[in-house]
Amino acid sequence: MDEIEIHELNKVKLKKPVMIEGLPGVGNVGKLVAEHIIHELNAEKILELYSWHFPPQVIVNGDGTVSLCKNVLYAYKSEKQDLLILSGENQSVTNEGQYLITETLLDIAEQYGVSRIYALGGYGIGQLVEKQMVLGAVNRVELVEEMKKYGVEFREGEPGGSIVGASGLLLGLGQLRDIPAICLLGLTSGYLVDPQSARAVLEVLCRALDIEIDMQALKDRAEEMEKIVERLKEMEQAQIPRTRDEELGYIR
Amino acid sequence: MDEIEIHELNKVKLKKPVMIEGLPGVGNVGKLVAEHIIHELNAEKILELYSWHFPPQVIVNGDGTVSLCKNVLYAYKSEKQDLLILSGENQSVTNEGQYLITETLLDIAEQYGVSRIYALGGYGIGQLVEKQMVLGAVNRVELVEEMKKYGVEFREGEPGGSIVGASGLLLGLGQLRDIPAICLLGLTSGYLVDPQSARAVLEVLCRALDIEIDMQALKDRAEEMEKIVERLKEMEQAQIPRTRDEELGYIR
Amino acid sequence: MDEIEIHELNKVKLKKPVMIEGLPGVGNVGKLVAEHIIHELNAEKILELYSWHFPPQVIVNGDGTVSLCKNVLYAYKSEKQDLLILSGENQSVTNEGQYLITETLLDIAEQYGVSRIYALGGYGIGQLVEKQMVLGAVNRVELVEEMKKYGVEFREGEPGGSIVGASGLLLGLGQLRDIPAICLLGLTSGYLVDPQSARAVLEVLCRALDIEIDMQALKDRAEEMEKIVERLKEMEQAQIPRTRDEELGYIR
Amino acid sequence: MDEIEIHELNKVKLKKPVMIEGLPGVGNVGKLVAEHIIHELNAEKILELYSWHFPPQVIVNGDGTVSLCKNVLYAYKSEKQDLLILSGENQSVTNEGQYLITETLLDIAEQYGVSRIYALGGYGIGQLVEKQMVLGAVNRVELVEEMKKYGVEFREGEPGGSIVGASGLLLGLGQLRDIPAICLLGLTSGYLVDPQSARAVLEVLCRALDIEIDMQALKDRAEEMEKIVERLKEMEQAQIPRTRDEELGYIR
């Protein structure tokens, strides 16, 4: 086994595709968006990437079979805009692997003539999100104004200094190769899987790509999640008066 | 020294052998089964595998001599079913080593024309096991029904999402090479060496291989262990009043 | 991407330059000095060094663009003394990277005919510094007396046994290549970014290099920082009586 | 810089030398013995070994100069028995480095025709040692009886299962090369540098090598250390009544 091993399943021809990266991360926001797009557009699996930089484990599927950790690339062809969508079970667990796997992904992007990369993720703020928002970062200054048109926010000092992992490196290493790349980060608590945040990111992405994708499945998951959050809030509030009583008891 | 070093001790000819892996892990279940089989069948040591991915240490044996950390492969020839049995003191402590050593073991398996791999281990549930059970995972969907016939259980969501280490990778990397592989995980507390769980796994394995192996030694160890567990239980129950007494003594 | 990648931006000719290293570290003392010099002398960026030994992340700049982690070398030409100044966002996060990157920096130093290296840093003492001081360490014994003339202190047992990271290795690996190198460590609390300590180090450096550099910007930052420290001290003092009141309230 | 770099300072001819390893470890027992021998026999420094597997740091010496982390080999020639003595500031901090550096040391041992290796260290028991004792482990079973003659103890289950680091690997990897090797472990608390334990190990070693080495310096250090331990014991005893008073005060 090589350090990074590419299994090409299908060779497709794409017209200046846009690459969308949605690997696991904060709130699983990026992965939720990528998997939603793959499912809704019925995108075709074209490539698997294995590496010893992934954790040494297999995932046990519902039917009793196992899957080795990997990143997977899907292709979608259409009149308007061809897409390459990247998802997977894991990111590299080593620094070196993060750099090398991102470089391999950029090699593949160049082979397919990728015109632009959207790296998707969540930005954890450590509390429940009151108002959905999508923060941006880019690897070319002229992309800032363009992204603002689609509703992306740029704020000094946010996203908090640095973007860690595949999303960050796609922008940083993409910069050295002159591939335009945008990172879209949905605000999220960071505590829970967040389909609501994923929906906000997907809406921005659809505007930017000028495509339409049915969001019902994501809305349904978001509503389910909201019910869970409501229940968590109630449980928390039920606790507050008790705490107040104790505090009063303490002050008296 | 190479990253992985193979010392071949004996060259044997085997007829479509089945490989059985029992490296150290949860409850030492896999290792107990493998060592029991090696001992009962008087299997022949044929190969040692050394690697700098093992811990940098030696084991001190009872006679004052030392043994370098290694994996060891044993062969057993019979009319019915030839076997290759893998055991050892350690698994790799690095991710990279886990992948590379498993690949080396699969190379060896292919050289011997291995027809199937059984990877053995324990599945820790964090409490004493009431009823013995052997959970399964496979790298080909058709193996599920076959394994059920031998008493293996397949439950959605169990074994808890992922199988870490050599057992998992033998299935995952074996899948890429088209070698059928089954993981048998004996339920175990995860706190103690568990010969009882090992016996349950061995019983399934004997049914699957249609061979007979004397289990007395494993039964004896299981009974010893049960006595230890009983004593631990008693001590735990006895401890509560004693602690109270001590506290009273202290307060008086 | 190679393990270490050099992007040469400008080729300059320098006359026996002195190399000044100011990478991030305790109190950010070294980096503050290096960046102050680069800014005040308007030094020219000549080289970027990328490596997978840096953290796998990008820094988000104020304008929404990102920068990949790197070390950067600047050049300054003058009648009196040519300089090479090294700064950057990060040091290597692996041991191996620390050694290899320092070796690469020494290769570059040799290519430019560097006559001497000053490695700058902070020495954290775990409490507020009463009296500024610059401790020294050298890789040739005859440099001790010379450095004392510029106000550098040498004390047995300080800086506490060892110097970790790029500064230490520039001296240690420089020794093997026979490149004279001096480490200047400004006393600092270790809790805060310390422009006051940076100023002390810069004053010693200017005396040693016999150059003049305007220190106003560093003085301004030091004054700002002092105000913050004053406020922190007040808050701390204010807290004590309040805590006592609470305790009294509790006991009553 | 290579992964491991050998700087040969002097080429000497030795007659079937015995190699003595005393790198830092538990109680610094091995290093104390090795450095005592080097000093007393006025052994000649012949080789330095550098590696990026050592910590990325330099030691600051008393005179203000620095030393890069390294292992150092010394030679001693005599009528009776030539010696190679290994000491240094550090052991490798990576697993891989432990294996590779030990292999390099064994290569050197073979070049010099080493007839036997003594690997010295401490065996931490977690409490003050009442009676000095030297535990042994060997890589050939016939060495057990020989070592017992010199006062080395062999006890089943001790030294506690495994010997970690250079000492262990010299035996384990030496076994694969058929170089006889003995590990001598002085009982020590594990909390303090232990010249008393070092003396016990040295006495065994002198008997085994049939050489005489003045032990006064080690006796002096042991006496100093004993005074420190006495003071620590007194402080501990003095503390108990005070603690009782406080407890009484609390209960009243």
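Going by the order they are written in, the chains are A, B, C and D; count residues from 1 in each one.
What we mean here is this: a contact is a pair of C-beta atoms (placed from the backbone, for glycine too) under 8 Å apart; a residue touches a chain by one contact, two chains touch by 3 or more.
If you're wondering where the values come from, they're calculated on a predicted model, not measured in any experiment.
Listed here as common contacts of chain A and chain B: no chain. Counting every residue number used by either copy at the chain B-chain D contact, under half are found in both chains. Of all chains, the one whose CA centroid is most distant from that of chain B is C.
Chain B and chain C have CA centres that are 52 Å apart.
Distance between chain centres (mean CA atoms), chain A to chain C: 37 Å. For chain C, the set of residues that touch two or more other chains is empty. Every pair of chains that touch is listed here: A-B, A-C, B-D, C-D. Residue ranges of chain A in contact with chain B, taken from their complex: 1, 7, 50, 52-60, 62-69, 93-94.
If you check the complex, the residues on chain B that touch chain A are 92, 95-96, 98-100, 102-103, 136-141, 144, 154, 156-165, 168-169, 171-173, 175-176, 183.
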